[in-house]
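Some structures to go through are shown next.
In the two assemblies presented below, subunit A is common to both, partnered first by subunit B and then by subunit C.
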Partner chain A sequence: MRKVLKSTLLATSILFAAPAFAQDVLHVPNLSYRTGPFATSGTPLANGQLDYLNMLNERDGGLNGVKLDGTECETGYNTEKGVECYEKTKGNAVLTQPWSTGITLQVLPKSHVDKIPILAPGYGFSAMQDGKTFEWAFNPPSSYWDGASILLSTISDGNLDNLKGKKVALLHLDHPYGKEPIPLMEQLAAKHGFTLLPIPVGLKEMQNQSAQWLQIRREKPDFVLMWGWGAMNGGALTEAAKTKYPMNQFLGIWWAGHDADLKLVGEAGKGYRAVSWSFPNNDAKAMQDIKKLVIDAGKSQAAPGEFDTVFYQRGVLIAAMGVEGIKVAQDKFGTKVVTAEQVRWGLENLDFSEARIKELGLDGMIPPFKTTCADHTGHAGAWILEWDGAKFIKASDVMQADRAAIDPLVEVKAKEYAEANKPWPISTECK
Partner chain B sequence: MLNDILIKPFADMFGAPDFLLQVLWEGLVSGVLYALIALGFVLIYKSSRIFNFAQGIMVVFAALTLVGLYEKGVPAWMALPLTLGVMYLLAMSIERVVLRPLVNQPDIILFMATIGITLFLIGFGEIIFGGENKVMITEQLGIPTGSWEFEPFGGFLSIEQRDVTAVVGAVVLVAALLLFLNKSKMGRAIRALGDDHQAALSVGISLSTIWVVVWFIAGVIALATGIVWGSRAGVSFALEVIAYKALPVLMLGGLESVLGAIVGGLAIGILEKLFEIYWGQPLLGGNTETWFAFVLALIVLLFRPQGLFGERIIERV
Partner chain C sequence: MLYRTAGQFKTTYEADHALFPVRQDAILLGVILTLAFVILPLTANEFVFKALLIPVLIYTLAALGLNILTGYAGQLSLGTGAFMGVGAYACYKIITIFPEVNLLVAIALSGFFSAAVGVAFGVPSLRIKGFYLAIATLAAQFFLVWLFEKWAWLYNYSASGAIQVPTIEMFGVVVAGPNAKAITQYYFVLGVVTLVTMLAINITRGRIGRIWKSVRDMDIAAELVGINLMKAKLSAFFVSSYIVGISGALFVFLWRGAAEPNLFDIPLSFRVLFIVIIGGLGSILGNYLGAMLIVALPVVLSYLPGALGIPISSSMVEHLNTMTVGALIIFFLIAEPHGLARFWAVLREKLIIWPFPH
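Here is the complex of A and B:
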């Protein structure tokens, strides 16, 4: 009888204790895509994110003793599936990572209602910079318009007037992501007197871009800028090499600067450049810890050699930004198990100073940046990376975007968004 | 406007004939590749009345197996037959596990089963090979990668040796296939099964054997397609998407016709390229290749619902 009573008491205590255990996990769901036409980009990014969280769980027992759960929901980069994944994972999430500009745009209004912050590092709608309008969305450390501005600055040697009379082609995925830089580029083209030639690439044409490159041959643009993703990058680089387009006149956004894509063309891709707010540093303390505690311990899904790449290590940085937002919230609110609303505050007060970056063991991997209530991007700037035939090397110091061109456009587009989605709440707390 | 539609495109064609030749060549290469994908669909449909939704993922699976074996240290000359062996095992497994239990089920059930095969191969392939882009072992397979450059009409024409190999390879494959279907005993059995299932069964033709053979041939075509497309833009799950390019080819050429797949593929490849370059890009902002083939196929269907070479089915009530 005593035995039965003991067992019953034990079972009851486990039952009642379960919610307490369940609470001691911070859920940071990832709407990743390891399958489909964009898996080639999505896989190393997801691996980097997951391995960073696992490293913290192994090394520090999580964050301030609370385990981090980076459960993934597979979207295949499909917007409908992405929205489903958001709905499925939002229950106990302290933040959400939609991983596609299309999904971000769909989830944006929902996150305001559900009060879950969207973390979209280096992607999403550039106007999300405006924290007053997009209270729940964050796109640190640089937006697509920052990237576009830096690319144009690079090809004009720092003075956009040098592009007067020239033709700049924008080879882009025919998707919200690919169209994102167009408003800024059109504005700058009109102001500085260059011709912008948008060349869309459809999903089914990503691997057979002969028509797009025939157009490039016919139009003879002075520069080709690429907003490519997944298999589109490999398709474009192969065609560029085939048509012998000068690689030093061909540049891409950070998602078009993936080692695996460049390896397809190898030496023929020498001279291709990409703007990037991240740079791999295998010697950084966090990377060494990941290697020791996750990769060498056989707990990673990363393929051999993936650890060294730009995308894997960018995934690490993205996870670090989310974790830092949670940490800032923990410190501010004095609780370990923070809520999504508290994490929103944390993401609004990220301070990736040189000292903090070093403290996190990420030195040399990301330029310093700081978010505020009104500025949800932080504007770290970016480096220009160059493919040397085997790997990406730094080809510039950190470059900054032209704020005078971008900020007014952010204001206009944020206002347009709020108007189109009336009644849209505008924060009155931010000045 | 009329000038832009009716006169300027032709003036551009004759004004730069070297460029027109380049467009036609690129269209021809695309067309051959579309035809190749469409053939995989046609063969299976002809013999089993199944629209094989898994043809696209079979291309990915075959190409990933080939590259994966090479990466594991298997020499290219051995990786190729081993991949064929894997495709044969896959055909056998599909017949045994999926098709055999579904004999006599409605067509829609079999179609849904091929969607199941697709989803399984996506997950299985991802577990084995990962999602990263892999480089096709083009040179290791002896496929030349250089290019020939010509100066027709004082202009410039570049022909990739890889593309020439793809065209020649596709022609040889199709010729061998036609020979097999028309001259061999097994080929005749496949055609008999395509004509009338019950009559074929009544004279002792084995449905199981035929299905394995046909799915294996579709696997061989998938491998050839995977090598050609993979050498252009890498081997990844993105190759699956190109299977959708075969749908308008099938609509145009007819689901049951080998000739239809070839003619349909070539027609769509060349016409969509011409339309994109001379009308789509200047007048519509480009990217017309995503819909042009479907519009063309729909127009044909208005006049010939069975496609250009499909069989006209008349049912008496």
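Here is the complex of A and C:
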């Protein structure tokens, strides 16, 4: 008994002693979700992010010699947990990653007060593009409205007037995220004379969408666009395969282009397309390093076969954007341990040029983009990916969104947001 | 010894019916109130306020509302989440339409909206009981959440379908919105919860409370002695939904800062119901104890591995957390099926005669 007690004491004393060796660390917390109904989508993304940070720690000893700490706080995509996690992690964080649009909604006003930048690559509000209103929020490299615009231009062969008289269904999650593209699509539908048919999928109905697909069969839309997430993607794809909906008329946003969801239907999903600002490239140098230093070293939580997938490698890119923001801040302010406010400047001055992407070892994985003080998105554009029955392949060159349609709407919605949350601080720094 | 009642004589009926016939109870309450009003605010940091104290108080209030209906009047309800939503959306509309209204007034008013909705869905309770009533309130749950999603006027036609709390000042102090200090919000919530608790104690101890209890214990007998069942049941629905409504308004305005319709879905109703059942049906104290177990304990537990330096992943912490809390719930229910409040009552009885049980 005494022996057990002794060893326990020893063990705890070692555990307590460990933080004594603490050194300079940059905290990049992640409000991840490896549990709950969205875990299928959230796990590979979180793995990709963590593995990239660990790879940098292994290969370069961190960023300019400062270790990166990608501590996760589990939210289960639950907005209530999100607040808790944000409060828990914000203390020494240089940026925060809220993930769910619902959590972003809650964190966004607080981030202005706490002065912590929000990094929301490819999600959050599209209106976050307006850096004057949303000084602390960043959604590079492309916003949902960019994605919507590219999808519409894909199905209309580049000219939205071709859609005149046609019916486009929007199968979306009934959640702030799923409703994101509706304002833009409604506007474009009115302008170009096509019918938009929003079909909401409730959180409870994600796995059983027979009602929604019955409606699709009855209405016979010319195209179905999907704003799905987590278990909803798999549900929709199996339902589409079952009802023999033509896959070449079925397209999704980047979060609905997940290998694991498509593998459920396999060959039957052939022809399904998704717009994506990221593309997996196993031969890129950064990916090779991750494979060598993290995965093969047994330091990754990634499941076998996850490495090749779109989502895992997108996680890597998301981490890379955050790290690059920190690096730009380090260079500008000449200090290794940057503060959250300095990182905000860094994220505002991201320059993912062709050369820089290559330097980072991410070639071919992301189109070049550049953020500025007024433009927090950067508008990299996106590729159209197509499921060939076993994996996603590139089906187009980088496509650009219709800025003339989006930018005025961004201005209106940003103004609305500031109006509804009066008094909302508007940055005066940039023109 | 600590709880010795020897020497405390009651010479009048008033003294015998006092809220605290035993002096030590009053002292204990005094200590708890000092802790809540003075010591905690001095020591707590923002995380403790935001993740522990404020949510526990708000959930307590919601559970208190449900407990009046289920614990005192015996009407099972599964619509608590939706009634909280009614309070929250009502408060949001009042604040956005009349920005000059005092937040306290807006919250007090929003309770009446949920009370009205609660009474409307309480009407079937006159004819059906038990599980059947639970299904009727379940209908309220589904219908109202659907309404929050579809009725765009409720969320001022915002594109995301969510409501967001603007910055609200009261007497020159920011009480709600992103600029509000956590300590201000804590005092605000604490004030409301204390006030409502006092009211609830007095209602449930008095004439109305006894009417509710008689209806709960046997409604036919209650009717035979001249109690108007309709009045009794609907008043229970009214008071209960009123309290649940203001807790919903506090939930969004003083804590969350933003809310989407899904928030008020059935998991929230169940959460509040669990607090009531684990805390103890028909008890005021139980709501506090239940809320601490269901709301605060998981947060504290999730902090433990990190504080002890045990390196396990955050999702594993979450899994362990769910398992631990689940096991604790089962343990407490086996140890004391009547809830934590009863647990405390038994403990207190033992303390009174300790150390000489016989």
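Just so it is clear, the second predicted complex is superposed on the first by the 408 of 431 C-alpha atoms of A that agree within 3 Å, B and C clash if a C-alpha of one lies under 4 Å from a C-alpha of the other, contacts with A are read in each partner's own complex, and residues count from 1 in each chain.
By our rule, contacts are C-beta pairs under 8 Å (C-beta built on N, C-alpha and C of every residue); 3 or more make two chains touch, one makes a residue touch a chain.
Note that the coordinates shown come from a computational prediction; the quantities given were computed from them, not determined experimentally.
When both complexes are superposed on subunit A, subunit B and subunit C occupy overlapping space and clash. Contact with neither subunit B nor subunit C is seen for A:Leu362 once the two complexes are overlaid on the shared chain.
By the touch criterion defined above, A:Lys422 reaches subunit C but does not reach subunit B. In the superposed model, A:Leu26 makes contact with neither subunit B nor subunit C. Of the two partner chains, both subunit B and subunit C are touched by A:Arg34.
By the touch criterion defined above, A:Leu347 reaches neither subunit B nor subunit C. Look at A:Ala240: by the touch rule set out above, it reaches neither subunit B nor subunit C.
Using the contact criterion defined above for the overlaid structures, shared-chain residue A:Val275 touches neither subunit B nor subunit C, since it reaches no partner. Of the two partner chains placed around the shared chain by superposition, neither subunit B nor subunit C is touched by A:Leu293. Of the two partner chains placed by the overlay, only subunit B lies in contact with A:Ala260; subunit C stays clear of it. None of the stretches 23-31, 113-121, 167-175 or 185-193 of subunit B clash with subunit C in the superposition except 113-121. Within subunit A, the residues touched by subunit B in the first complex and by subunit C in the second are 34-35, 174, 200, 203-204, 301.
Across the interface of their complex, subunit A is touched by residues 16, 19, 22-23, 26, 29-30, 33, 122-123, 126, 130-133, 135, 147, 158, 160, 229, 232-234, 236-242, 244-245, 273, 276-277, 281, 285-287, 289-290 of subunit B.
Interface residues of subunit A facing subunit B in the complex, by the touch rule stated above, are 34-40, 42-44, 174, 198-208, 210-212, 214-215, 217-218, 230-231, 234-235, 238, 242-243, 260-261, 263-264, 301, 303, 306.
By the touch criterion stated above, subunit C contacts subunit A in their complex at residues 46-47, 50-51, 96, 149, 156, 158-162, 164, 166-167, 177-179, 255-260, 262-263, 265, 299, 302-303, 308-310, 313-315, 317-319.
The part of subunit A that touches subunit C in the complex is made up of residues 12, 15-16, 18-19, 32, 34-35, 71-74, 76, 79-80, 83-84, 87-88, 91, 101-102, 105-106, 109-110, 112-113, 125, 174-176, 179-180, 182-183, 200, 203-204, 301, 413, 416, 420-423.
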